[in-house]
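What follows is a pair of complexes built around chain A, which joins chain B in one and chain C in the other.
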Partner chain A sequence: MNIGDRVVAWSKDEEIKKEGASGGLVTSLLTAALKGELVDEVIALQKKSEFEGVPIRTSDVDEVIKCSGSLHAAPINLTKFAVRFFEEHPDGTLALPAKPCDARGIIEQAKRKKIDLEKTYLIGLNCGGTMGPITTMKMLEKMYEIDPNEVIEEEIERGKLIFKTEKEEKAISIDELEEAGYGRRENCRYCEINIPVMADLACGNWGAGENETFVEIFTEKGLKLMNNAIELGLIETAPATEKGIKIREKTNGVMEKVAKKWHEKIFVPIEDRLERLHYYMDVMEDCIDCEACKYVCPVCACDESKCIDFYDPMDSHKISIYHLIRLLHLSDSCIGCGQCTDVCPAEIPLTTLHRRMADRIQTKYNYVPGMDMKIPPSFEVE
Partner chain B sequence: MNKIVCPGCNLGCGLYKNDVLYFRKNAPVNSGKLCRFGMKLHKYEKALPMVDGKEEKLPNAISAASKKLAETKEFAFVSFGNVTCEEQLAFTKLASTVGSNVYTCIPGFVGANIEKIRQSTEIITFIDPYATYPLILRHILYAKENGAKITSYYWKKIRIADESVILNPAEIDKIKSIDFGDSLVILDLNPLNLEFSNEIINSCNRENIVCLKPFLNSTGASLLSGEEKSIYQIFEEIKEKKIKGLYLLESDPGIVPDDALLSALDNLDVLIVQQSAHNSLSDRANIVLPNDRTFEGKGTVLNFEGRVLETEGETEGIEVISEILKSGGKEETSYDSLHAEVLSKLGITEIDEYVVPEYNIAYKPETELKKYEGKAHLIYVYTPFLWNNTIDRDFVEISPGLAESLNLHKDRLLEMTSSKGSAAVKYKIVETVPDNIVLSPMKLPISTDVITPVEFKPEQN
Partner chain C sequence: MHLRGDRKMEEEWTPKITLFCCNWCSYAGSDDAGVGRKQQPPTTRTIRVMCSGRTDPGFVLAALLEGSDAVLFTGCHIGDCHYISGNYKAKKRFEMLKEILDELGLEDERLQLQWISASEGSEFAEYIRKVTEEIKAIGPSPLRQEWMK
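Up next, the complex of A and B:
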C-alpha cells in the first residue's frame, strides 16, 4: 500500500463491523492506533442516541469501540478537545476522526503552535453536512412522521436522508427537507469541502460496497494507520474498483455543485457600503456579550484575546467592538464550521457574518485556511 | 462527561461537564446554546466546614449542626431551589424533624412552556430578555420571525419589541389597566418583587403566563415545599425574634436590595449555612457545612416549564443532610428512596426531558403593589447571574438626556442620593433608557428596595 492509494476496507471484528458505519473501519483504525501504540489517546464521539454524541478522550480500547457508528445530527467540532490534549501532553500522540471542518480547525491550531500535527493522526471522514439535533427531531416528527425515540439508524445515500426504525425505513430527499427549513445546518449547505484531503486519509461510503469504507491515503501517517491495523489483523482491504472511484468523484462533484448554489443564495452581495455597515450593525445588535462564540471557535487561538481586551461593555458604540475585532481577526482563519452560530443564544447568524468577511479576504490573499501547513496565516507574524 | 443542568437560573439549559464544558446540542431548552453563566461554572471557591469561624472537620461540623437543631426553638429552613429535588426533599424531612417547613421564597407556580412562546401570535413581556434570561430570547425571536407582535412593558425600550411601553415607578398602578387579552405573558417570578409578578398573574390565565424564575430548581423546590414566606417576611420574623435559628441551604439572603436588612441575621441565636461556594455568608454563619456543587451530583431538577431534567453527577448530594438526620437519631434517608418519592410527587414514572408533564396548580396570590414616590428612580435590574457572582458589570445605564442635563463628561461618575446616602458610580449612556431612570445590574449601597427614589447631583464645570 502506498500514499495516494484508494482502497476499500472493513473491520474484521464482527461486533465493530455491525455497530460501526460502513464496515466499522474508522473504529478499527482508532482501536488499532491504541493497541499498536501509535498513539497515547484517541478522541471520539460517544453515541448517546441518534441525536447526541459526547466527545471523549480515552486510551481505553473498549471505550473507543463504544463510539462506533456515524452521527449526522451531532454537529460537534473536535479541534478544541485536541488543543486541550496537547496543553496537557505536549509530547503526546493523538488520533481522532475528523470531518473536513475538524481537520481544518486542527491545522489552523497547528499553525499557531497549539497542536503538534506531526503527533496527530487525522482519520478524515467524508462529510456531506451535519444537522442540528433538535431540528432533526422536529423534522422526524413533521416530515417523516417517526417518533425520534424509535430511530435506530440514519444514513445519507444518493441525496436522500434515510431513517430506520425497527418497523420501517423512510427516505426523503435532502433538497425537499432543506426547502422545508430542515436538513443540514446552513454552513454545511454551502461547504464545498466534502472529502478531507487535508487529513492523513479520507474515509467514506461514497464508491464503497455494503459494509465497506472507501479510503484514500494522503500521508505517511495515513499509511501507518492502515498498515498498523492490517498488521494487528484488525482490518481487511481490497483495491477500490474503477466504478467505485468514479461514483465517489461524481458524488463529490454533485455535492460541490449544490454547495456553490447555496453559496450564491446565501451570500447575496451587499454592494452599497452604508447598507453593508447597517447590515452588520443590525444583526450584531442582538448580541448579549456572552462570548460563547469565542469559547467554541475551533480556530480561535489567542492566549490573551484582543476581542475581549479591547472591548469594554461600558462603551456606547453603535456596533460591537468585540465582534469587529473578531471579524477582522478570524478573516484569515475562519473555516465556516458553524459552531458560533450553533452556540449563539441570540441566534445571530455569526458564521454567515464571518464568512462574508472571510470570503473577501481569503479570496484576495488566495488563502484557504486549514488545508495544509505550507502557507502561514495571512495575518500572523511568527 | 457528566450530563448536567446549568445552575445559572431555572431555564434548565443542558450541558456536559468534566474538566471542560460542552454544550448539549440536543438539550431541549437550549439546543447547545449557552449564556455567560454556564461557561463560568467551574470557577468557584469551594466552602469548607466551619464552626464559629474556624475550620473544622466535617463530622464535627455536622454534629455541631445537629446539636444546635435539637436545642434551638423556632428554627426556619430556607432553600431557594439551588439544589436538586432529592436534596430539597431531604431538607424538608430534616425541617420536619424540628416541626418546621422549608421556605423557598418563591411560590410554586408553573405556567406556559417554551413551545407556547414559539407558537404565540401576541406576546407581552415584563423582562429584558437580553439581560435577565438570555436563553429565552431566541424563542421570542422565533415567534417574532413568524409574525408575532411583541409588546414590552419595562423600565427601558426593548429592542425586540414592536411596541415598548416604558414603565414609570411613580405610576406603577398603570399595569393594572393593561388589557392582556389572549396574549402570552412573560414575566420574572423572583423573591424580590413578588407583588409586581402577582399583580400580573392575577390578571391573566395561568395557561398564558410564562413564569421565569431565578434559581436552578426554583420550580421543583417550591412544588416540594409547603407553606411559603417571602424573604422580607423571614427577615421581619428574625428581627422580631420569632425565628431564632436559621438553616440556609444554598441560599444567600444577601440578594435583597437593601443590605441593612442583613443586620437582622445578627439577632439569630444560630445561623447554619450549607453551601458549595465560599462567600461572605460563610464568614457570618455559626456553622458552615460544605455542599456538593449541584452539577457534581445526581438528581432531578424542574425547570420553569415544569420539565423534568436530570443531572448525572457522581455524588448523591444528600450526604450531609443524611448525616445530620443520623446524628440526631432520626430516620435516615437514601437517594433512591428520595428519587422515587420525587417521581411519585410529580406523578411520573420515568424522566423524559422532551415531554413537559401536565400541572394543575392553583395560585391566587394576595399582595398589594408597592407605591414609589419621587421623580427619578434607581432600579436594581437584578439577574440570576448577578446573584451567582458572574456579572462583571460595574456601571449603571442612564439616558443621553440625563447625562446632558447633569453635564456629565466621559470618565466622570454619576452622583446620586437616596434616603440612605450618596453614591458615585460609573455609567453607560444608553439611548433606550428614559431620563428619570437609572438601571443598575449591581446592588448599590443607597438602594432601599428594588426601586429606590433618588436625586442627582449635577457635575460642576
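Up next, the complex of A and C:
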C-alpha cells in the first residue's frame, strides 16, 4: 500500500463486523492502534441509544469495541476533547475518528499550537450530514410513524434516510424530509466538505460493497494505521474497484451541488444597512449570557478568553461585546460545525450569524479554515 | 445668561470620535498641531497607546458600543514603526474589523485608519476636520441609537 491508494477494507473480527457500520473498519483501526501501541489513548463516541452518544477517552480496547456503530443523530465535535488530551499529556499520542468538521477543528487548533498534529491520528469519516436528536425523534413519530425507542439501526444511502426496527424498514428521501423541516441540521445542509481530505484516512461506505469500507490513504500516518492493523491481523483489504471510485466521486459531486443550493437559500444578503443591524440585534437580544457557545466551539483557542475581557453581563440584552468579539475572532476560523447553535439554550442561530461574517472574510483572504497546515490564519501577520 | 457658545452647542449635534494615537508618531503629531495652533474641532477623545498594534479590536468594539460615532486608528507610516511591525498588525486588524462592522450595518466612515508622523501637525488637524465633517454628514451611529434605547 502507498499514500494515495484507494482500497476497500473490513474487520476480521466477527463481533466488530456485526456491531460496527460498513464492516467495522474504524473500530478495528482504533483497537489496532491501541494494541500495536501506536497511540496512548483513543477518543470514541459511546452509544447510549440511537439518539445519544457520549464521547469517551480511553486506552481500554474493550471500551473501544463497545463504541462501534454509526450515530447520525448525535452531532458531537471531538476537537475540544483532543485539546484537553494534549493539555494533560503534552507528549502523548492520540487517535480518533473524525468527521470533516472534527478534522478541520483539530487542524485549526494545531495551527494555534493547542494540538500536536504529528501525534494525532485522524481517521476521517465521510459525512453527508448529521441530525439533531430531538428533531430526529419528532421526525420518526410524524414522518415515519415509528416509535423512536424501537429503532435499532439507521443509515443514509443514496439520498435516503433509512430507519430499521425489529419488524420493518422505512426509507424517505432526505429532500422530502428537509422540505418538511426535519432532516439534517441546518449547517450540515450547506456544508460542502463531505470527504475529509485533511485527515490521514478517509473512510466511508460510498463506493464500497455490503459490509465493506472504502478507504483513501492521504498521509504517512494513515499508512501506518492501516499497516499496523493488517500486521496485527485485525483487518483485511482489497483494491477498490473502478466502479466504486466513480460512485464515490459522483456521490460527493451530488452532495456538493445540493450544499451550494442550500447555501444560496439560507444566506440571502440583506442589502439595507439598518435592516442588517436590526437583524443581528433582534436575534442576539435573546442571549442569556451562559457562554456555552464559547465552551463548545472547536476553533476557539484563547488561553484567557478575550471575549469576556470587557464584558459586562448587563449588556447582553441587545448585541453584546461578547458576541461582537466572538464574531470577529471566528471570522477567519469558523468551520460552520453548528455546535454553537446546538448548545444555545435561547435558540439563537449562532452558526448562521458566524457564517455570515466568516463567508465575507474567508472569501476576501481566500482562506478555507482547517484544510491544511500550510496557510497561517488570516489574523496572523508575517 | 447664556453664552453664545452654549446656545450654539445645544443647536448643533457634534459627533464623539474615539481616536487611538501611537505614542511615537500620531500622539506627537497631535501635540504638534496644538503647539502650532492649528484649528481643529473638539470632537475627538484621544487615547494614547504605545503602538497602533496595541489597539485591540475589543477596544474598537467597546468604543462603538459605549457610544462613539466613529473610531480612528492612527499610527506611524508603514516602515516607520517604533516596534518594527506593529502598524502591519494594526492594518490587518483594521481590515478585518472593517468587514465585520460593514456586515453589522455600520457605515464605512465610522472606522478609519490614517498614518500620521510626529511632524505632521497640520495634516493631523486637517484630518480631524475632515473626519468631523464626514461624521456630521452621516449623523449619529445607528449602533448607539439603537443600543441606547
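By our rule, the second predicted complex is superposed on the first by the 374 of 382 C-alpha atoms of A that agree within 3 Å, B and C clash if a C-alpha of one lies under 4 Å from a C-alpha of the other, contacts with A are read in each partner's own complex, and residues count from 1 in each chain.
The definition used in the following text is that a residue touches a chain if its C-beta (ideal position, glycine included) is under 8 Å from a C-beta of that chain, and two chains touch if they have at least 3 such contacts.
Since the structure is predicted, the reported quantities are computational estimates derived from the model, not experimental observations.
In the superposed model, A:Gly209 makes contact with neither chain B nor chain C. Contacts of A:Met137 after superposition: chain B is touched, whereas chain C is not reached.
In the superposition on chain A, contact of A:Glu347 is made with chain B only, not with chain C. Once the two complexes are overlaid on the shared chain, A:Lys364 sits against chain C while remaining clear of chain B. By the touch criterion stated above, A:Leu274 is placed in contact with chain C alone, chain B being left untouched.
Of the two partner chains placed by the overlay, only chain B lies in contact with A:Ile288; chain C stays clear of it.
Note: residues 315 of chain A belong to the chain B contact set and to the chain C contact set alike, using the contact criterion stated above.
Listed in rising order, the residues of chain A touching chain C in the complex are 273-278, 280-281, 306, 309-310, 315, 318-321, 324-325, 327-328, 331-332, 356-357, 360-361, 364, 378-379, 381-382. Every residue of chain C that touches chain A in the complex is listed here, in rising order: 56-58, 61-62, 65, 85, 88-89, 92-93, 96-97, 99-100, 103-107, 142-143, 146-147. Within the complex formed with chain B, the residues of chain A that make contact are 49, 51-52, 54-56, 73-76, 80-81, 84, 132-134, 137, 148, 285-286, 288-292, 295-296, 313-316, 342-347.
Contacts from chain B toward chain A in the complex involve residues 1, 16, 19-20, 22-26, 28, 30-36, 39, 130-131, 134-135, 137-138, 141-142, 159-160, 354, 392-393, 395, 426-430.
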